[in-house]
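When the chains are written out, they are named A, B and C in that same order, and each has its own residue count from 1.
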Amino acid sequence: MSKKKTKNDALYLSDRQPLTTAKLISLVISYILLILWAFVILWPLAQIVISSFNGNQGSYISIGGDYKFSLKHFNYLFNETYFWNWVTNTIFIAVATALLTLLIVSFTGYAYSRFRFSGRKASLMTIMLLQTVPTFAGITAFYTLHSIIAAVIPGFTRQLFLILIYAGGGIASNTFILKGYIDGVSTELDDAARIDGCGNLQVYRLIIMPIARPMLAIIALWSFIGPFLDYMMPSILLNDPKSYTLATGLHTLINDQYNMQQPAFAAGGLLTAIPIVILFIALQKELVSGLSSGAVKG
Amino acid sequence: MKYGTTVLDDIGNAHPRKNLRLRERGVLEERLEEADKSERAAIRAELRALPKKADHPYEKDLQSVRDQEKKLLQGARERRQKFLSEIKDKDPKIRSWLLEAAESEERYRFYEKHLDLSYDFELEYKKHFDIADQLPAAAAERRALLDELDEAQADLKKAQTEDNSAAKAEFEEFRVQRIAERDAEKAKLKQMRHDGIISAKALANEQKMSDLAADEDIKSKKRSLPLAFAKDRVRNIRHKLKIDAARKEKLLNADISDQRRRTPIETNKRFPWISWLTILLPGLGQLIIGQRLKSIFFFLGSLYIYLIAIPYSLGYGNYRGDGIAGLLSLAEGGARLDRSIIFMIEGVIAVILLVLALLLYYFSFRDVHRNEKKEIKGIRLNNWFETRSSLKVDGFPFIVSAPAALVTIFIVILPIAVTILISFTNYDPTHQSKFVWQGLVNFKQIVAGQGIAGGPFWLITGWTIVWTLLATSLAIFIGFALALLVNQDRVLGKRFFRTIYLLPWAVPAFITIMFFSILFSPQGPLTIALNNLLGNTNPADMLNIKHTTWGTRAVLIMLQGWLGSSYIFLLCTGILQGISKDLYEAAEIDGATGFQQTRHITIPLLLYQTAPLMIGQYTFNFNNFSIIYLFNGGGPFEPSKYGNMAGTTDILISYIYKLTIQNQYQGIGSAITVVVSMFIMFVTWIGFSRTKSFKEEKL
Amino acid sequence: MKVELVNIGKKYEGRESFTIRNIDLVIESNQFCVILGPSGCGKSTLLRMIAGLNSITEGDLLFDGKRMNRVEPKDRDIAMVFQSYALYPHMTVYDNMAFSLKMAKERKTLIHERVLEAAKTLQIEEYLYSKPSEISGGQRQRVALGRAMVRKPAVFLMDEPLSNLDAKLREHMRVELVRLHQSLKTTSIYVTHDQTEAMTMADIIVLLDQGKVQQVGAPAEFYEKPANLFVAGFIGSPTMNIFSGRIEDGLFRTENNLIIVEPNEEDARKLKDYEGKEVCMGIRSERFNAGKAEKNSITVKIDVIEMLGKEQLLYCKFPDDQEVVISEPGYFNYGLNEDHNFSFDVDGLHFFDAETTMRIN
């Protein structure tokens, strides 16, 4: 305190009011709370990392025992489970969902923003409301519907059906978000492009789409991440462990006594989480803005 | 509909009738309207006394002109040979244009003489006049382009055979020189940066621009080499030729269409009867009133109706079901392999197809009906060119939204419809293959809390509400508090804290939930740690979270607080950063302390801006299946109160899952789904209708 | 190119009445035509119809005698500058300017030449490879002009292009646009609500109000011979003083006889038919002579003085509180609340029929 005083006497450069004792105490309490919460967050996450590398763990995770660095759980994951299948399945479903969503929503977002047609508002509102119904409400129908479609179109796998469900479920909200973004683009740009020789589709492809790219990227990103996070739909629809996604696949490692391999689950979870965490940290602003601009499902 | 003395064109301008017979009637009809009772009889008599259509002098005149017209049209074939021999040009397009122009000239000269007789002649006159006027000019322009193309191609040939090494050398020299120039520019920029005149960012920017400029210059120079230049020219002229003809024809059509819009039509018809007569066969009405190409599309619709929609709904071409009938019977009394659920879904599909068919009927009828009414008024029908162009403009949004609509119908609407239907059946473990309609039984069971499945409904609903309110509020509270704490002025390491607090949101929830589930399992590390803390060493009285209802519930709520706070924190941080500093400075000048500022500025602003999203958080947790199911599978179980299917921590959504997927009580599961969905839709609607974007949306 | 509008009208779908109707207008080749009017008068609609962005419900649009109603915008040989400039934000200045020619698949060398040429004329060569967001408002304005010039259009359409610039820059660009027009000699149609722009730039002004042409003519005509009361009130700053009264015995008098004016001979002749009828008399602020005269004089109290340097505007009040604005040379000495005499310059009077609002003299 004394040191501070001398400083004060000399020159006070900060714009802020000098620190009073009460404020100092509240600041210290703030720091304690912040650090405490940081610990609460980090401890369990750290346990995932530690147990996945701990060679002394058996099929169950225990904490406080000896620690020995080892990659054996990763070995188990890669060699004894369908981990790579799950990874490729999930990526396939995620990429296909993102592409399909982009393709459909591009058109609808543009149409709903730039064209006035009858039933425009009513249709969007209806579907928005219908989509608040939990996706798996229709699960009995999905089941049977798939078997009907598969009978008509051979090769229509359950994974493809899952993609359709993911993409279809997001159409209304994504259309709404993209429409809002395109509404913010001046229609004079459309006019200018028309005078310069563009037709409807060219206006979208050459002018609107490049401008709306940030929002399209967010929509694509959320559609891409969705299948990584969802446990329920694949657990209901997919029946062969080889066709599982990461969420359902990893669950098999802790689900029953025979397959129990908790450290391997931790290892798999770690591998899944790392890229997604990096993505989230790098793009947090965009992702949050995407969420708040229209409350994406999920 | 009265005839009247005038007809309206598409713009709404009135034109006097040219058809004298109809005009006479129109005059009398108008008089009849105005006359009082005593005169009416006389006027009616006059009306009856009017000559019959065949005897009317006007009709006779008209007929004689029509005969002449017929002759004129028959002569077209002979004239064609004559005209063709006169046309020297070889280009087929030009030949056809000139031919058409010559024929049109012949025709408009004919119609010119009969303008007063009928609007049809007037239109023919205007139309052929436009053709005769525009096509020769178009042909001349095309000829000029073709000549230019010939010339350009000759140049190209020359350029190909000529030695172009000199030009190439010159280009090479230019290129080297331009690159040297660019490098000099860049060097100068670097020097400037070195001297500190410009910033690093400016340097990078300027260098990029310098590169682009040089690139563009070189590319352009390269394209101006004789060979490249000639190639470009040929390509350009070819492109022009390609689009020019289509453009000119389109323009001519558009002009003719304008003439149609402003030239009325006179018809004997007073009542739009065709639309009523042809209502059952879309396409026929269009054909009769003369829209041939359009009728093809509606006939395709008819094919859909009579070959797909109706047969399917009658049970033909079904996968296993029986169309609409299947929806009623639900395969009752059917073969062993017949499954009610398939009958139901195919029934719903049949209904969807039928609804589409009905829409088709309606649109076709409306189309014909409107057109007939227009014609009675005096407005000409759209020709194919006009229909097509209006479809391109007005139809665009529908065409591009069609895939979305298709996906939505089958992925969103159909499953929901089926779920609603199932809720009225006795679809349960004993009726997996065959089930029957049973009205509101399921709903009654739910409301009364009876039966195997309906029993625990109210218990579960109670916990669902407690869970939703507590878990969400806790997450919101933590997120709010963290955001306020971190974003204090004096806190250092904001970035560090933000990154850590983001982690629960960033790590996929299923991983953390499953991992916490492991930690809290009977032998799990946290269970052991907890018992050590409480001093329970005796295995018999060891506390096991997953086996105690309230323990599991408390942990679930805390876990959701842990998971959900992250997103709230990020959201609030974003908003806090957006709040203008002026507000705080103004408050400070007004004498507000830090705490008061938070209470009166920050929190109200945060609440105001995040309110709709917070509602979203509550509905999210209401439906938060993963955390309940993955943490403890809804357990622990208490069969005496909850029956065999539900656990004590199950919420409605996981209960539905267990009923429907695990225990095959689809009927009652669907009934609960319907109730829950209506509730959620209601809440979402309230939240949604208050958002700004919804209110500002105008139609 | 000569632009003719013959009885043009526009009715939007779903609306009962015409937004604009019966517009007849001839813009000679190389003329600079300004369409002036208050906001919502339909001037932008008219321009968009000429551009082909809005369809024409009624009438004919002719370019050099050729009917253009249904020609697509890109084929009309026009270029348009928008209020917001409408530069494509994701393209460089170069690409913005080259876009229309690229869409027409023009030769690359030609595109390059044209872009460089336009850039040179407009002095934006330095920014050719910048994005629109990296340059200032004035430069963006130039790029928008450049994008239009590159097409070498036969008609230049401009929709309030200067309204987004600050006052100083606007003045500068005004001069520059006139200079550009003089060098390019392209028929130009310019829409604005700013009468200064119209008066300074136009060869011919079209004043629109409520979907109807109020007056067409050279700028000076608008000032000197407004065709009706609306034009009289719209053009000129300060606004023309307008008094309503009636003609009695060849004299104009207001109801309370505060103003009695004897028109000059020519006006008197035209006013003969209006004996005993209501008319409005207008006079611009600078057509008052200071001091009392035998007739046509008024006495007013000075309420506010606006000193502009070379002249001063006197906001005066009659005894019945009716207001009148008078401008006098700046060196005259006036004080607030003083009563002064002024007389009307009878050669600067405008008479309008009170019923039809049309000009009489």
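Quick note on the criterion: a contact is a pair of C-beta atoms (placed from the backbone, for glycine too) under 8 Å apart; a residue touches a chain by one contact, two chains touch by 3 or more.
It should be emphasised that the depicted structure is a prediction, and the values quoted were computed from it without experimental measurement.
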TODO: Go ahead and name the chain pair joined by the largest number of contacting C-beta pairs.
DONE: A-B
TODO: Give the label of the chain whose average Cα location is farthest from that of subunit A.
DONE: C
- [ ] Averaging only over C-alpha atoms, locate the centres of subunit A and subunit C and give their separation in whole Å.
- [x] 56
Task: Averaged-CA centre spacing for the pair subunit C and subunit B, given as whole angstrom - done: 43
Open item on the list: Need the CA-centroid distance for the pair subunit A / subunit B, whole Å please.
Closed with: 25
Task: subunit A residues counted as touching two or more neighbouring chains - done: none
Task: Of subunit B, residues touching subunit C in the complex - done: 11-13, 208-209, 212-213, 216-217, 219-220, 223-224, 229, 232-233, 235-236, 239, 247, 251, 254-255, 257-258, 262
Task: Complex contact set, residues of subunit C against subunit A - done: 48, 51-53, 73-74, 78-80, 82-84, 86, 88-90, 99-100, 103-104, 147
Task: Residues of subunit A defined as touching subunit C within the complex - done: 186, 188-189, 191-198, 202, 207, 210-211, 213
Open item on the list: With touch defined as at the start, can you tell me which subunit B residues reach subunit A in the complex?
Closed with: 319-320, 339, 341-342, 345-346, 394, 396-398, 400-401, 403-404, 407-408, 410-416, 418-419, 422, 427, 478, 481-482, 485-486, 488-491, 497, 499-512, 514-519, 523-525, 528-529, 562, 567, 570-571, 574, 594, 612-613, 616, 619, 623, 625-626, 629-630, 653, 656-657, 660-661, 666, 670, 673, 676-677, 680-681, 684-685, 688, 693, 697, 699
Task: subunit B-facing residues of subunit A, complex - done: 16, 19, 23, 27, 30-31, 33-34, 37-38, 40-42, 44-45, 47-48, 60-64, 103-105, 107-108, 110-112, 115-117, 120-121, 127-134, 136-142, 144-145, 147-148, 151-152, 164-165, 167-169, 171-172, 175, 180, 200, 228-229, 231-232, 236, 247, 250-251, 254, 262, 265-266, 269, 272-273, 276-277, 279-281, 284-285, 288-289, 291-292, 294-295
